[in-house]
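Alright, structures below, take your time with them.
Both complexes shown next keep chain A, but they swap its partner, so chain B is in the first and chain C is in the second.
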Partner chain A sequence: MAQTEQKKRGPSDSGILVVTQTKPPTANCWSCGAMRAAHFCQQCGKVQPPAPVDYFSFFGLPYKLNLEPDKLEREFYALSRHLHPDINAVSSDREQQWSLEQSSQLNDAYRTLKDPITRTEYLLRLQGVQLEEQSKAATEEARRTGKVKKQVVPPDLLEQVFELNMQLEEARMNKKMGEPDRNLERELQDTKKQLQAKYDGMMAELHAAWNEWDTLVERTGQGDTVLEDDRLAVRDKMVDVLNRRSYLRNLLRDIDEVLESQ
Partner chain B sequence: MAYSDKVLDHYTNPRNVGSLDKASQEVGTGLVGAPECGDVMKLQIKVNPTTNIIEDAKFKTFGCGSAIASSSLATEWVKGKTVDEALGIRNTDIVKELSLPPVKIHCSVLAEDAIRAAIGDWKKKNGQTQTQGQPQSVAVEQRA
Partner chain C sequence: MSNERIVGIDLGTTNSLVAYMEGDRPVVIPGEDGLNLVPSVVALDGNGQIVVGSAARKFLIETADHTVYSVKRLMGRGVEDVRDELKLFPFRLAEDLAAGEVLRIKLGDKTFTPPEISAFILRQLKRNAERYFAAPVTQAVITVPAYFNDAQRQATKDAGRIAGLEVLRLVNEPTAAALAYGLDKKETATVAVYDLGGGTFDISILKLHEGIFEVIATNGDTHLGGDDIDNLLITIALSDIEGDLGVDIRRNTEIVQGIRKAVIEAKIALSSNEKTVLNVELPGGKRYQREITRAQFEQLIQPVIDRTIGPVRQAMKDAGLKATQIDEAVLVGGSTRIPRVRQLVEELFERKPHSDLNPDEVVALGAAVQANILAGGSEATKEMLLLDVTPLSLGIEALGGVVAKIIHRNSTIPASATEHFTTGVEGQTNVAIHVLQGERELAKDCRSLARFDLRGIPPMPAGLPRIEVKFLIDANGILHVSARELRSGKEAEIEVQPSYGLTDEQVENMILESFDKAEEDFRQRQVIEARNEAETMLTALEKGRKNVAWEQLSSQERTNVGKLETALRAVMQEEDYQSIRSAIDALNQGTMRLAELMMDSAVGAALKGQNMDTADVGEGPESPHPIASAEIER
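Right after this comes the complex of A and B.
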């Protein structure tokens, strides 16, 4: 598939993604010969062989991060109506197989793009960023140089996460013993508010980075030259937010869990 | 996903949970995190100033079973080693010992990071520069 192809590329040469887009090949319908839409023939309605495209291209979308969820949903249902295996149940084996493959690609694409976070992560992956590989690469670098590994999130955030987890553990323990510590719980309530505000701020940062990214994509579309440094700067901004976000998300979830289990 | 017996053993019966005096000259503290899952791990070592041998190690990890098991194992392994020997512990050794599946490899990376960070902190406190060149390679029992 196209995205596995992209994954293997280094971050430096994946810049072409901003410029060119893998379009589903426009060929003629294998069945009736009419010019077909990407996934099914608009003339005769037959499912077409799946094309190896990334999720944005599957929906015919540019590599932008702002998208209209309603429109995506409508598109998803519209395509489902043509591609679903139930609809193609009486077709030939070959067509049923295509229908199955197209539908599962459609579902994966929809699920990934619908959620703002997975959408961002997916785009970053297309851009050569491997979030899960970052940490490993930094460890290898530390090993090689004998220096202490640079953590991908600020140390004070890690401190805060650790301290708060200690508090949560205490609160859980007290509750288990039947002696909930009301002061501690009030403190956790306050902390939760602060963290929520921080989280919201982080999401605002992410949206600002989305806008910057989309502007770059638009400029490229208009034939402007976008500097590699600009692209990498926005990309890394998003990586940074996503890394910090996972800690806050866990903390908020855990605080809720402790406070709600009354 | 099923945990291996060794992970379960460390998880249900973690070794060396706790903390050492962070302010002590002999203690090095490493606090590391895995953004993939939001786990945090604190690992501390107490080093004998004349022999450079790690005499005690404690950890506290907030994370999944594999992260807890990896750090528990890490404290067991560093004890009795010199700091330079401890720097030879690789995440792959931990993966092998605990039979961690690919999705949990980052837990072992976290444990190696924690050892490295604790030693780095101790060295800084004791006015030593970071290891020059390659850390001394050492045979962890499981690697031989």
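Right after this comes the complex of A and C.
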């Protein structure tokens, strides 16, 4: 796989700033012999054997975190029109199999990249990061050891979370008894507002980090030498924001659940 | 590419249809009776033949234990899932079902799995299409409820194969309906399809964009539909009647079927009338009548139709849309004819829903459109492409019975996920993976799909093997799994233990050609039996010729018997048991007087002190006719 190759070239810390993208091998079209485009032949339209590429490379995108959703969607539709199994339903078995693999890769890539959070998580994973809470590695570890995945409470939230959990518990009890407490609900609404503001702040932080990252990618693309420390700094910033964000998102969801069902 | 037509089939709970694309319009293919709808009813008639559709319907009341309907409710389900169902539906399961075995339903003294019953319906539709085209039909698109899980989809695909149809694609019913509606709409729009059928409910939210039909979210309930409304009314009628008669009639399938029929008529009447009379004929010339107003009916069914609200809200939430962002709401399924259902949809989406196309036919029409797209498209469909989603999350059971989700619901299909596994014990060569479908956190609350046993892992210290397992959901919504051990590069061998479903081999054995062969066997048995009977008859005739009674016949009578005998001997050599039987009947008729005369002489002889044995009256004491043999037990 592409990622593993990049890792080999990197320093002890497995991630490097990737600008040399993995491109599908430029073989000729198996069917008409024309120089083929990535996934299907521009000449005869036939679907080509799938190549193992990462999701950014699948769409021919640089490893940047800001992208235009409309453009990605148009590209997704355009590729679907060539790769989807319905288009290749009466082709040979081999082509049908390629079509199935290509279009699942397309869908997986689109699903991952269209959402900015999963896009960031995916890029970080390409960078060799094992995201503390979201990472598959943690899930696997938990799966293997049978432990519940650990949730790290961001220090600045510690006190508020303790208080909030008590309130949520009380609200759930009230609900069960059918005795809603208007004051408590108001308090929860207030907490929600505060947390939402914090959440928005985090998203702003994340946006800033994306911009920093993209600048690094652009500079590397222009032949600048990017310091390893700069790259690691941005990367770790994103990891930190993502972890806090996911914690906060869960809290907001819990509050919503309690408030909605009142 | 073959020129053979690919048909679109709506395999419904209550009715099934077959359609195809005629030019740029999808049309429904009628049956021999001229009707578009084939009731999804299968019966075994008095001759042991399978009867499907309208013809089978009359058996619902006459011989209810030889009839099956609403079999779609049982597709891809296990014994423990259908307990509740059995209280309300007169499905008779085979008594010897083991836990985890595919259900078998009794039809007379035979048993069939739900895919086999469905295959009978599919075969009927296939025949209707073949009759219409005067050409063979072997490829089809079949629709399934969007909320069908993997097992239910697989069971539907198996049914197709059993019926001799290559199922090119399973299409979700609401999506198919959107295709039929969107045929001449090329603009961008967000559409909600509300599909309440006989037994299933689906809600799908789609984005239409330049011919691409992209499903954003789907939800539903595969056990919610018109059947549930019928059951509410039946329960009322049953308790009324029992109160009156003072007897338990719940086990009397004939009466219950009679009530079901009356209830459905009343339900339909209430869609256009303000009140109706539930009218049931009871045995002994009695009659049960009860007036129902629409208001009463609506109050009664409210809890049932309210069950559609949760899935609608969830789908909207998953799509990230508010009611005001939906441009159009479309009604699909017979149950959306109920005014109260229409009102609910209007409330949910804050707009009047569309129902321009016949809600019974729109799904089949959409299936025909999809069939046309798969066949390479035509002028009408060349820009059209359907991007559907998987309705349920796919997960793996982790330690402690927790489910780790690997493909989330509403992911566009085909979709895949790759997971890595390792061993926990030194030298371990097998790893078991339990795959589930559903949204709940614990494995016990999700639907078990299959247990995969990865074998042939090279023995290594614990934790060293890296087994890569690829899960891929195809465009039919069906899961495929492949595995590789990365350190050795060896393809791991996978043994699949489907939790609910037939193995490939079982399906192979059920293919209706083999059932057609069974019909052939049946036919041959009939021929052999008819020949045996003819032999017996001819032997008796030989004896009759030696009897004095023969001389008492006129020469014309004797010539006639001779002719009938020659006819029987000739037809006996052929393979048509029905003509052998008619020749036997004709000879039987022709020798009636001979038989009477022989009987007379035998009686006379008996009066003279002889017994029946020596009088030689025929083949057996039960024989009403000295020449005819006794009825052969079949």
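Structure notes:
Here is the rule we go by: the second predicted complex is superposed on the first by the 219 of 262 C-alpha atoms of A that agree within 3 Å, B and C clash if a C-alpha of one lies under 4 Å from a C-alpha of the other, contacts with A are read in each partner's own complex, and residues count from 1 in each chain.
Convention: a residue touches a chain if its C-beta (ideal position, glycine included) is under 8 Å from a C-beta of that chain, and two chains touch if they have at least 3 such contacts.
Predicted model only: the values in this text are computed from it and were never measured.
Of the two partner chains placed around the shared chain by superposition, neither chain B nor chain C is touched by A:Ile117. When both complexes are overlaid on chain A, the residue A:Asp86 reaches chain C alone and has no touch with chain B.
Applying the stated contact rule after C-alpha superposition, one finds that A:Leu72 touches neither chain B nor chain C.
By the touch criterion defined above, A:Ser246 reaches chain B but does not reach chain C.
When both complexes are overlaid on chain A, the residue A:Leu184 reaches neither chain B nor chain C. In the superposed three-chain model, the partner touching more residues of chain A is B, compared with the other of chain B and chain C. Of the two partner chains, chain B is the only one touched by A:Leu158; chain C is not.
With both structures placed on the common chain, the touch criterion links A:Val226 to neither chain B nor chain C. In the superposition on chain A, the residues of chain A touched by chain B in one structure and by chain C in the other are 136, 139, 142-143, 145-146.
Those residues of chain C that touch chain A in the shared complex are 1, 168-169, 209-210, 212, 370, 373-376, 385-387, 398-400, 404, 411-417, 419-420, 422, 424, 472-475. Residues of chain A that touch chain C in their complex: 77, 80-81, 84-87, 89-90, 100-101, 103-105, 107-108, 110-111, 136, 139-140, 142-146. Considering their complex, residues 131-132, 134-136, 139, 142-143, 145-149, 151-153, 155, 157-159, 161-162, 165-166, 169, 242-244, 246-247, 249-251 of chain A touch chain B. Within the complex formed with chain A, the residues of chain B that make contact are 31-38, 40, 42, 60, 62, 87, 90-91, 105-106, 109-110, 112-113, 116-117, 120-121, 130-135.
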